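Both complexes below contain chain A, partnered by chain B and then by chain C.
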Partner chain A sequence: MNHNRLARRALGAYTIVFYIALYGPMLVLALLSFNDSDITGLPFKGWTFRWYATAFSSRALMEALVNSFGVGVLAALAGTMLALLLALAFRRQIRFQGLIFNLVLLPVIIPGIVGGIVLLIFFGYLGIPPGLYTTVLLAHINWVLPFAFLTLYPRVHAFDRALEEAAMDLGARPLQVMRRVVLPVLAPALLATVMFSFTLSFDEFVRTLFVTGFDATVPIAFWNLVVLQLAPFLPAMAMIITVISIAASLLGFVFTRNSRAADPSHRIA
Partner chain B sequence: MAEPTTARSWTAWLLAAPAIAYLTAFTLIPVGLLLTVSFWKSGIYGTTPDFNFGNYVRALAVPLYRDQLIKTIRIALTTTAISFLISYPAALYISGLKGRLKSMLVVLLFLPFWTSFVVRTFLWLPILGRTGLINQSLIWLGLIDQPLEFLLYNEGAVLVGLVYVFTLFMTLPIYLSLDKIDPALHEAANDLGAPPLQAFWRVTLPLSRPGIVSGSIMVFLMSIGSYVTPQLLGGPSGNMYGNVIASQFLANNNWAFGGALSVILIVVVLVGLMITRRWIGTREIFLGGGA
Partner chain C sequence: MSLSPEPVAVSVRNVRKTFRGGVTALHDISLDVARGEFFSLLGPSGCGKTTLLRMIGGFEEPSAGDILIEGRSVLGVPPYARPTNMIFQNLALFPHLNVFENVAFALRIKKQSAAVISQRVEQALALVRLEGYASRPVEKLSGGQRQRVALARALVNDPPVLLLDEPLGALDLQLRLQMQQELRQLQRAVGATFIFVTHDQGEAMSMSDRIAVMDHGEIVQVGTPENIYNDPATRFVAAFIGSTNLLEGRISALDANSVKVDCAGMTILAAPQAAVQLGQPVTVALRYERLELRADGQVTGLVTDRSFLGNMVRLAIRLPTGLALYADIPAADATQVGVGADVTFGWAPGSPRLLAG
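Up next, the complex of A and B:
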């Protein structure tokens, strides 16, 4: 018994270290974003907001934010829509269901770098020049779709069909049932899926890198600055990006709590 | 199963059609094209149709590329192993908790998923770099006079970066499968006189296997296709396969050879999935932590 207690204590101490390792680096970054020094790093020379001012006055970041919001919203809506229709179709056992399921998982199984490469080749041979609302948007919908499906599918599957049957018995037509019964019940799950899909698109990098044109998304713009030099405003910019992602996800999480639908464990970088 | 008579099979197909069409157009066909191009020939005048195995022979026979593949698989496996070792004890502890503390710790496991991958890789530069946290702290403590150079731009830095961004893909599924174990099983093992360690080996560990396998596949899958982490933290010695592939397209303009390298990476992933298939189906990996 005593042994058990001791083991539990040791595990607890270890878990504290685990969380420090997880969040410590993020906190260091937050600290550095306020460091009044022209060198990215230590020593800490006092508090300042000037790096945030620099970041917010960066045209590259502002344009990228607008681009990422535009693509993120459209990709989230389109991806969720396609995923919802497929999830509804899967309520019946249809032929080749296993095969279709594998097709849905394909964008996730393909290694990230290859996911970007195949689209580079594909758009290249089709003669479609890289552009924000063409190649990047198409790539993002493709990336978001599997995750939107994986979050919606269990929820749609668990949908109580008795509700639908009751509505039909009362004389409702299929489309009416969909609009009046199915969609309202699924609404929180759909909202959560849209939010999670948005962050997925907002943070997507490697698939975007190979199909992007002149209009950069936020991670691409950030990357372009990072590979250029370790500029002192980068931690502040990183914090801004992080806060936006977390805010969007927390909103999604609030919806999830009402629906238990979206499981962010399906997130892939 | 009682199906409503109005829901005919063609309605289901109609509903499924847009997603199937989309994925066919933007995943299946592009992958098919990649496979085709990998047998073509790239020269100074561009990539021309052909059918030869030259790209594959070059990729697998030339030591530079072969070693790079082996090294990349090694890095991915190491990342997976480290992630497992550091995740399991934490997942075990959290699953044994109750109430608010538990839900708070679980939310904290989810939170990093929602932050930019590029940012979480970038943050190692001001930590491991010359003016970074570690070097400056060591100098301040008087332990060193000059910043240590070996903290960054090598394989070790890549491992640190990969483990940092991917560990939670291991922690979460393990936690989920541990959390599902009926506490009565532990009591039963206890009552039957099993020492705690034995109870762990014989009951807890085997029952958490779905989570372990599922997490391992995720971490392996993501680290083997890495590009960002080695590019930012790896330097020449920390290069991975992803960087070699990228340079075929971004610098050398050798699509045919780059295509072959990409196909090889896909095959490695598929082999990995096939090996783990006896424990867990591909579908289950992605539907809720191997539940």
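Up next, the complex of A and C:
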């Protein structure tokens, strides 16, 4: 009895410490973003929204946001599309299946800084001019693809092939089967993959730093601001970026859940 | 050139199927299914019945041989170009579409007008008694309703041949019996040829015009349900269909009218079959329900077990020779018979069947 209660208390205390370690720094940052003080850091001198106003009026941040959204959306779409094709191909017996599978996942375990250097050398060798929609986009697709594949592969693998056979039996040619059955049924999983991929691209820093020329994505712009000036609006900016990332991921999780109970209200026109 | 319609809907000719890795699923199958027939492929799992059905539907290609539908070879013709439709084992209803759109699928592919589509879908839903369900999502339907949606979806095209891959397997018994009846009625109403795969002998017997019994990738016997039940061609068919005593014996006497078989000390008279010889080991099949309690019966034995089946009582009987037999006796005749009783029983001449294999 006593022993049990003690164990439960210890577990409770551990849980509290665990969550503080996990979310404490984030909470401090959130607090600082509202701190009415010209110096970044404690003590807390009262509530204000002015740092958010400053952040949103910062040209550097706005440009970076536009850049990050552009690259993020394109990289997410391209990565998801490639991952889908790959996952579809993997449903058949193909040669060197295991090898290809591991090669696709390799970028996940390559250290970011090595990945950045490799990409820099690679693009230089090919003569691709550094820029947002050239080197950065390619680097992001490269980075996002394995994760998109890992998200999508189980869903595509679990897809009931009898559905495709039924569609074919009812007169649909392969492309019609894809458009009218496979894609609609996989739509929630595809949307989830796009959202997760976007988050990954949005947060990518090390590889981007190596391959971007003068264009700045959000993490790059943030880095520049931290290095050049420890501006008091940095916590507010950090909060904005975090909220965008979390929102995209949450949407992804919502779609993931929906893909388990496929949306019945959807109709083809 | 014949002006009369081809009486054979599906003709399977010397079809063989060997899968990659060398497993042979079907050995030299030949089969003709008449137009308008309710034809069942019956056999245990792994006998090749589903593979054969999928080949007719175009989902597998034969390794050798030919398949003709309506007189035309369909080798190399993809499923979307074949005049067959299929009911899949798991039904394979489209989860992202409601009842109406599931049924309308084939018509939309054919780019029919909205008026034609709504009219034909309504007809198909009426055929399976699902009027008023058009806007329901398919996963909100019961098992029987899902079954009917699958039927309507396949029949909306008026296919001359409908292929059914054990579609009733997942239903509970009452619903299964009801769907069996409905399927039969539906088949008569639309007049299409139904090829029905099942491992359930009762299902095949009650629904089919003819049955092909399959085992290990071969067709063992083709015939009407009565024919197959009364005259099983092999030991496998006798054991698979109905409840049968299979008695090993040796032919002890033989003339033009009868064969005497000595089964562990019990002599059984059977109708002669071609190509049996004196002393040859044979199997005698004796259906449980052919045994009857009779004072003047051939054999006496001890009842070792008794189970009540409703209309019948199943008795396990041990003969003095040690041979064990089962008898299904009408329940009314067996009220006085319990475990430990001595019973005298017999069977009508013609009941025992000699079997090969």
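Brief remarks on what is shown
Everything that follows uses one rule, which is that the second predicted complex is superposed on the first by the 251 of 269 C-alpha atoms of A that agree within 3 Å, B and C clash if a C-alpha of one lies under 4 Å from a C-alpha of the other, contacts with A are read in each partner's own complex, and residues count from 1 in each chain.
By definition in this document, a contact is a pair of C-beta atoms (placed from the backbone, for glycine too) under 8 Å apart; a residue touches a chain by one contact, two chains touch by 3 or more.
Small disclaimer: the values here were computed from a predicted structure and weren't measured.
When the shared chain is aligned, chain C comes close enough to touch A:171, but chain B does not.
When the shared chain is aligned, chain C comes close enough to touch A:181, but chain B does not. Considering which of chain B and chain C touches more of chain A, the answer is B. By the touch criterion defined above, A:66 reaches neither chain B nor chain C. In the superposition on chain A, A:53 makes contact with neither chain B nor chain C.
Using the contact criterion defined above for the overlaid structures, shared-chain residue A:119 touches chain B, although it does not reach chain C. Judged by the touch definition given at the top, the superposed model places A:254 against neither chain B nor chain C. Contact with chain B, but none with chain C, is seen for A:43 once the two complexes are overlaid on the shared chain.
Shared interface residues of chain A (contacting chain B in one complex, chain C in the other): 165, 168, 263-268. Chain contact summary for the complex, chain C toward chain A: residues 57-59, 78-80, 84-86, 88-90, 92-98, 101, 105-106, 108-110, 137-140, 153-154, 157.
Chain contact summary for the complex, chain A toward chain C: residues 160, 162-163, 165-173, 176, 180-181, 184-185, 187, 261-268.
Residues of chain A that touch chain B in their complex: 3-4, 7-8, 11-12, 14-15, 18-19, 21-23, 25-26, 28-29, 32, 39-43, 81-83, 85-86, 88-94, 100-115, 117-122, 124-125, 138-139, 141-142, 145-146, 149-150, 153-154, 161, 164-165, 168, 174, 199, 202-203, 205-206, 209-210, 218-219, 222-223, 226-227, 230, 234-235, 238, 241-242, 245-246, 248-250, 253, 263-269.
Interface residues of chain B facing chain A in the complex, by the touch rule stated above, are 1, 3-4, 6-7, 9, 11-16, 18-20, 22-24, 26-31, 33-34, 37, 86, 89-90, 92-94, 96, 105, 107-108, 110-120, 122-127, 129-133, 136-137, 140, 164-169, 172-173, 176, 195-196, 218, 221-222, 224-228, 231-232, 242, 245-246, 249, 255, 258-259, 262, 265-266, 269-270, 273, 282-283, 286-289.
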